[in-house]
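Here is the structure we will look at.
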């Protein structure tokens, strides 16, 4: 069975990007592919872009869509096996996932990192529970450690705007008042490793990404040095992996500015805090690609759903 | 006007079960029956199975669906007539139901028992309010005292798995940390009374179901005795009716085990608390029919909606 | 680009009312007008009538609909420009609106008055943010100072029930335990100014509507005097504009009664508190038009959506 849990579920990235270019030009080209099939989107966390773009993509493929906010509308889930369920959890992931499998043909799941227990987060118990027990092709709508739909949209955006044969792409950490997951940078780094780009990662000491997620890499601790000659600058906050889930640094000098950006293109997955992560002049300036990225979320979701539909 | 409020709205159970067998084989057989009609599903309580299976069923019949979580998305309702509405309630059921009647052709309502006032629960004021004031055929998505969609799915499941001409069916109470409504056992007992089965009900003393709901019956207080020779064991917790809404017993010896179950088939409406209501070995074993029951929820909802559509 | 933000977006009211009459008789007459287009409905506040009637209207026009409760399902928004977003707000209206613009063809927004800061409310920052930044035709689903869909439904209802050439219409303030916005009376007064009616506005002293919204008018402080010879009585509570957002009066003698109403028709936008705003005898009596008004919400939404679709 085909899933879209991780960037590695894209076996031929070149083929996907080419197909994405076609869909950008003709979004309704595959309008009947999902006819008579139902996609169930389950949100364990808030969502704007993913919620709307995935619905839009599904309907462009002729799919029926059912959306459910699992936390507020369903039951508290248990994930551990063998436990005595006499606490808050009213249903086990085994039953919940299997039941969804009775009513849908495809299932999408959003479940963020809890950011308290790195092993629990790495286990991806919500997403993996649906993979194991639903019997359905599963679409990752952002999980604890990966956001492959975003990374695919980012790859599509880079391809559309790339001038150099092998552009320099800088992933630049940014300050943020709250602890955010590492899913987006994890997926972005993995995706860039498959693209014809030179990737440089810059962040304060202590903000190293999990090597088990992104492989070993040499961070550049001086942002200025990293940004030199950049073609694309991808700005993103994440919380510390070493001091798991902590906000270890809020140094405002890491904020992206128009001056630092220079002639590079600016990317961010959104939502973004203005004048904390990046200054207004960048977002409102001509080098921002954030709306291209947002638009490509629909294309990415179409590609992922088309991949899942091959299983049916 | 035809409603599906209660098992008694099924006038010919045999015909329904036969039609259900057909729909199981060909779920899209009546794809145009509801074309151009809209079903509005109103949830006053959480729901997973009912929410998804009823949407699925509706679309299989060509119906448009609007889903609304009444509590969080609408207004607090008043149910009493003649009251001065200067408290929390912003709208009376008379207006709310009549308004829904302007925008939909069919309405489904989920409104659980409050479990504090037995008379208020027995009055089914939410469900009955929609029956009286919406002007629409009403579908019960589980009310204070009845869950006929579940009972119909259970009947379909029993029919599919029955070997004996007149199987022995045991309804066996189970412990649970929280106070749960009696809607499911009420409907199950009433449904079994119309099936060619021998029904035995076993629960601790004090857990007698409301005779006004299920008629007089002779409970067996010894679970072991009740289970002897069972073909199907339907396990379910409910709170005390006598001490209304109380958790009067949490005796873990009432939990269903593989040993107790023996060669009988296991049934439960879900959600279920593992190793409190039933041990893992049963749910994960070959005698569990819980996913068959869940799958039959779609068939049951299709049958009920087809019944309602006869009014239009 | 065409919007439906305000009654003034209706350039030819007569044409709209005539088209509304046609749609009342044949709701599916324009079933293909919105085909292949998507309407996104964003609720920053609760909604029953608007939520259901706008969905219904959209589908009658062949539109796809995505519904989102922005507060609970999305991110807290920032509206000020140039601010440093290190507080609760995770996303700026500039990005949020522009992103929605990537996934939908039309957007509807409900965002009530906060009733603490009159200037912030008058600025209509949510609605106006979507107008400025989404790039889409925008539908007002009730904003801080206007509810044009309700006013249009009210105009349709008046037209259907008018006997006199120039009927006397009385807008009569009513008591209410909570502070309610002025959006409905603002829009009603503006709409009546365009209809062939004699409008009389009656309320306690201190409840004058904002002249910047409704223009200068001469209130009648004696309800009895105002009601004399009325053909239609539109009852509605609103909080004080002078003492902004305060409940300055709860005098129960302002409640509408069957005796006061006499032979006039009764109108209210709903939800309504029985025996606080209006007595049961009126709502349950033959002169109530509240369900006609509710039914006309679908027609009004169809007209507004058809207007927006002209931009596409």
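Order as written gives the chain letters A, B and C; numbering starts at 1 within each chain.
One rule holds for everything that comes next: a contact is a pair of C-beta atoms (placed from the backbone, for glycine too) under 8 Å apart; a residue touches a chain by one contact, two chains touch by 3 or more.
Listed by chain with UniProt protein names: A, B, C = N-succinylornithine carbamoyltransferase.
If you're wondering where the values come from, they're calculated on a predicted model, not measured in any experiment.
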item	value
Pairwise touch network: line, ring, star, complete, or other	complete
Numbering shared by both copies at the chain C-chain A contact, with half separating same from different	different
Distance between the centres, which are taken as Cα means, of chain C and chain A, whole angstrom	39
Touching two or more other chains - residue numbers and ranges from chain B	72
Residues of chain B that touch chain A when the two form their complex	28, 43, 46-49, 51-53, 55-56, 59, 69, 72, 177, 270-276, 280, 283-284, 290-291, 294-295, 297-298
Chain B residues within the chain C interface of the complex	36, 38, 40, 64, 66, 68, 70, 72-75, 78, 81-87, 89-92, 94-96, 98-100, 102-104
